[in-house]
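For reference, the structure discussed in these notes is given below.
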Amino acid sequence: MTEKLSAPQQQSLPLGFVRGEPVIDKPEDLYIPPDALELILESFSGPMDLLLYLIRRQKLEITELPILPITRQYMEYVEMMKELKLELAADYLVMAAMLAEIKSRMLLPRPPAEDDDEVDPRAELVRRLQEYEAIRTGAGYLDEMPQTGRDHFVAHAATDAKQHVQQQLPEIALAELAVAFAHAMAQAELQHHHQVQREKLSTRERMSRILDLLQTRSRLRFADLFSPEEGKPGVVVSFLAVLELVKEALIDVVQVDAFSEIHIANRGQVYAEASD
Amino acid sequence: MQKHQIKQLIEALLFVTESPLSVAQLADYLSEHGMDASRNQIREVLQELQFDYQERGIQLHQVASGYRFQTRAELGGIIAGLWQEKPPKYSQALLETLALIAYRQPITRGDIEEVRGVSVSSQIMKTLQERGWVKVVGHREVPGRPQLYATTNEFLDYFNLQDLSELPAIPEPPQKASNTGPVAQEKTAETAPEESESAP
Amino acid sequence: MQKHQIKQLIEALLFVTESPLSVAQLADYLSEHGMDASRNQIREVLQELQFDYQERGIQLHQVASGYRFQTRAELGGIIAGLWQEKPPKYSQALLETLALIAYRQPITRGDIEEVRGVSVSSQIMKTLQERGWVKVVGHREVPGRPQLYATTNEFLDYFNLQDLSELPAIPEPPQKASNTGPVAQEKTAETAPEESESAP
């Protein structure tokens, strides 16, 4: 028995694993060298595992559960666990109580009349053992199944695609712009207590356009600001824009001689040709 | 885009994504990028790819959450040697808990404890959830509303399965012998003796 | 081990390692695992693999530190979509600045600051100019010659406008619509215009 313990690698169905090493067999009787006992007891995954082992050792079917000898053996294991003060003993005690109960029921004489209806007191335990055994089998299947990172590996390839990722620019809806303007203006009114005038947008746009033209050409002929295709409204808008630009001191209107051509230029440019 | 280009693209996508890609995900990706390929066309491409790689060192495999390329099964043992760390070896307790959740889902912690006869260690449940193999899918409407656990697609992916029906069969749970309804194990063990018919 | 198995193994190894593998690394690995393949044989296998993958979505490339599989160059643009992030949102400050430039152009930074009551960050002006929506159209001839900002044609194009007159009418600020404004400040805002135009 001792040698089986010290040489646990012999081929047989492993009962469990102790620190990663398979435990192939348990001692045939209850003599266990003290230093090995803890390892043996810990190799059971629970009271059901121990019970199953005890039944299997007698080469019996679960349904034949020999309650008397099994209970005796089980209790002896549990006693050893208690001596070792193994924490896992608690779960084993619950099972011990159940076995004791079944044993006591089986020892009681049964009234003959109720014999047919009487459920075998072992039935519930047998059911649980069968279910546990099924699950133990399932656990074995899982262990044997091909596993990622153990039996096969996911294949990956490198890619240069990340360098093609472009920074997406935020989107704005037109309505958001209007709301933002309204909000800014409402804030302004709160702060400044004055009404902000709302000029016709087309005038302001034309103002921008004239200033933009003056960026590239230092002066413009007044007449060039008007294009006949725009019709009367266009002429009016351009004229208002020029007036507004003059009013805001953004441009100068220059006429060298009476009735000569009128030019407009950036403010200051008339006097100093420097521009930036 | 030509069909062979769509095939190249699908192939490349499968190799660069972290997780497997489903037909639906591929279809979405293609249509978002202005390529129209029906799901059937995509399936056809995947079949072609599976065929193309049949004899190669890697193969296109379908798992629960989609398709992925993985190394040929026979090579696993040799390739595992590439890494210093050995692949994890799971304890009997963890495997039994996982098997219970996989085969008997949805299942409560109490159910697991009843079958295994031991209290379920929180560490094991934590490990299973951290690995993404197990998740809470609801509550059983009994006092205490215990959580019901089930396995995930990641579980199936890890074990190389497409769905639970591919798990090797184990015996069905045997019928309860006596009273119906789940009885807590402690109750059966501790209080039953006083109440049961065994009292004369 | 057969030659085709060595080829499968090399192929699989190239797909599972993080970094490229050199001929020397492959040779070492094979000999460590009891397979003898000369460097020339390995080179031959690599050439074969390069040929096999020529028309596929991924290809075997030689880079400085060895060989690796990578996605076909032409697919980069489409595959990039996998990592494409959703565009961020512009701040309220930027929106208001842009709105002021759009509705009140030409306008200086000082004008914007006066309306908004806070200084305009250079970052915002830079963003708006980089986006091509805003440009400098001149200077106001006052001390400091502040730049005058206006919107561009790109701005109109982006918002699908023919000209600025198509900008939507300013919605009434919501506070003004209801008479029962709960905040005292709102009253100030409503009555302010009546007091005077030249107050500040």
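Observations
A, B and C label the chains in the order they appear, each numbered from 1.
Methods note: a contact is a pair of C-beta atoms (placed from the backbone, for glycine too) under 8 Å apart; a residue touches a chain by one contact, two chains touch by 3 or more.
Composition by chain, UniProt nomenclature: A = Segregation and condensation protein A; B, C = SMC-Scp complex subunit ScpB.
Every value quoted in this text rests on a predicted model; they were computed, and no experiment measured them.
Taking each chain's centre as the mean of its CA atoms, B is the chain most distant from subunit C. Think of the whole protein's Cα atoms as having one middle point; the chain whose own Cα middle lies nearest to it is A. Averaged C-alpha coordinates put the centre of subunit A at 17 Å from the centre of subunit B. The distance from the centre of subunit A to the centre of subunit C, each centre being the mean of the chain's C-alpha atoms, comes to 25 Å. Chain centres here are Cα means. That of subunit B falls 38 Å from that of subunit C. For subunit B, the set of residues touching two or more other chains reads 12, 15-16, 58, 69, 71-72, 75, 79.
Looking at subunit A, residues 153-157, 159, 161 sit in touch with two or more other chains.
Against subunit B, in their complex, subunit A makes its touches with residues 16-17, 20, 45-49, 88, 91, 94-95, 97-98, 101, 104-105, 108, 119-121, 123-124, 126-128, 130-143, 145-157, 159, 161. Of all residues in subunit B, those touching subunit A in their complex are 12, 15-16, 58, 68-73, 75-77, 79-80, 87-93, 95-96, 98-100, 102-104, 114-119, 157-161, 167-168, 170-178, 185-186, 188-190, 192-193, 196, 198, 200. Note for the complex: subunit C touches subunit B at residues 4, 7-13, 15-17, 29, 32-33, 55-58, 69, 71-72, 75, 78-79, 81-82. The touching residues of subunit A, counted against subunit C in their complex, run 153-166, 168-172, 174-196, 198, 200-202, 204-205, 207-209, 211-212, 214-215, 248-250, 266-268, 276.
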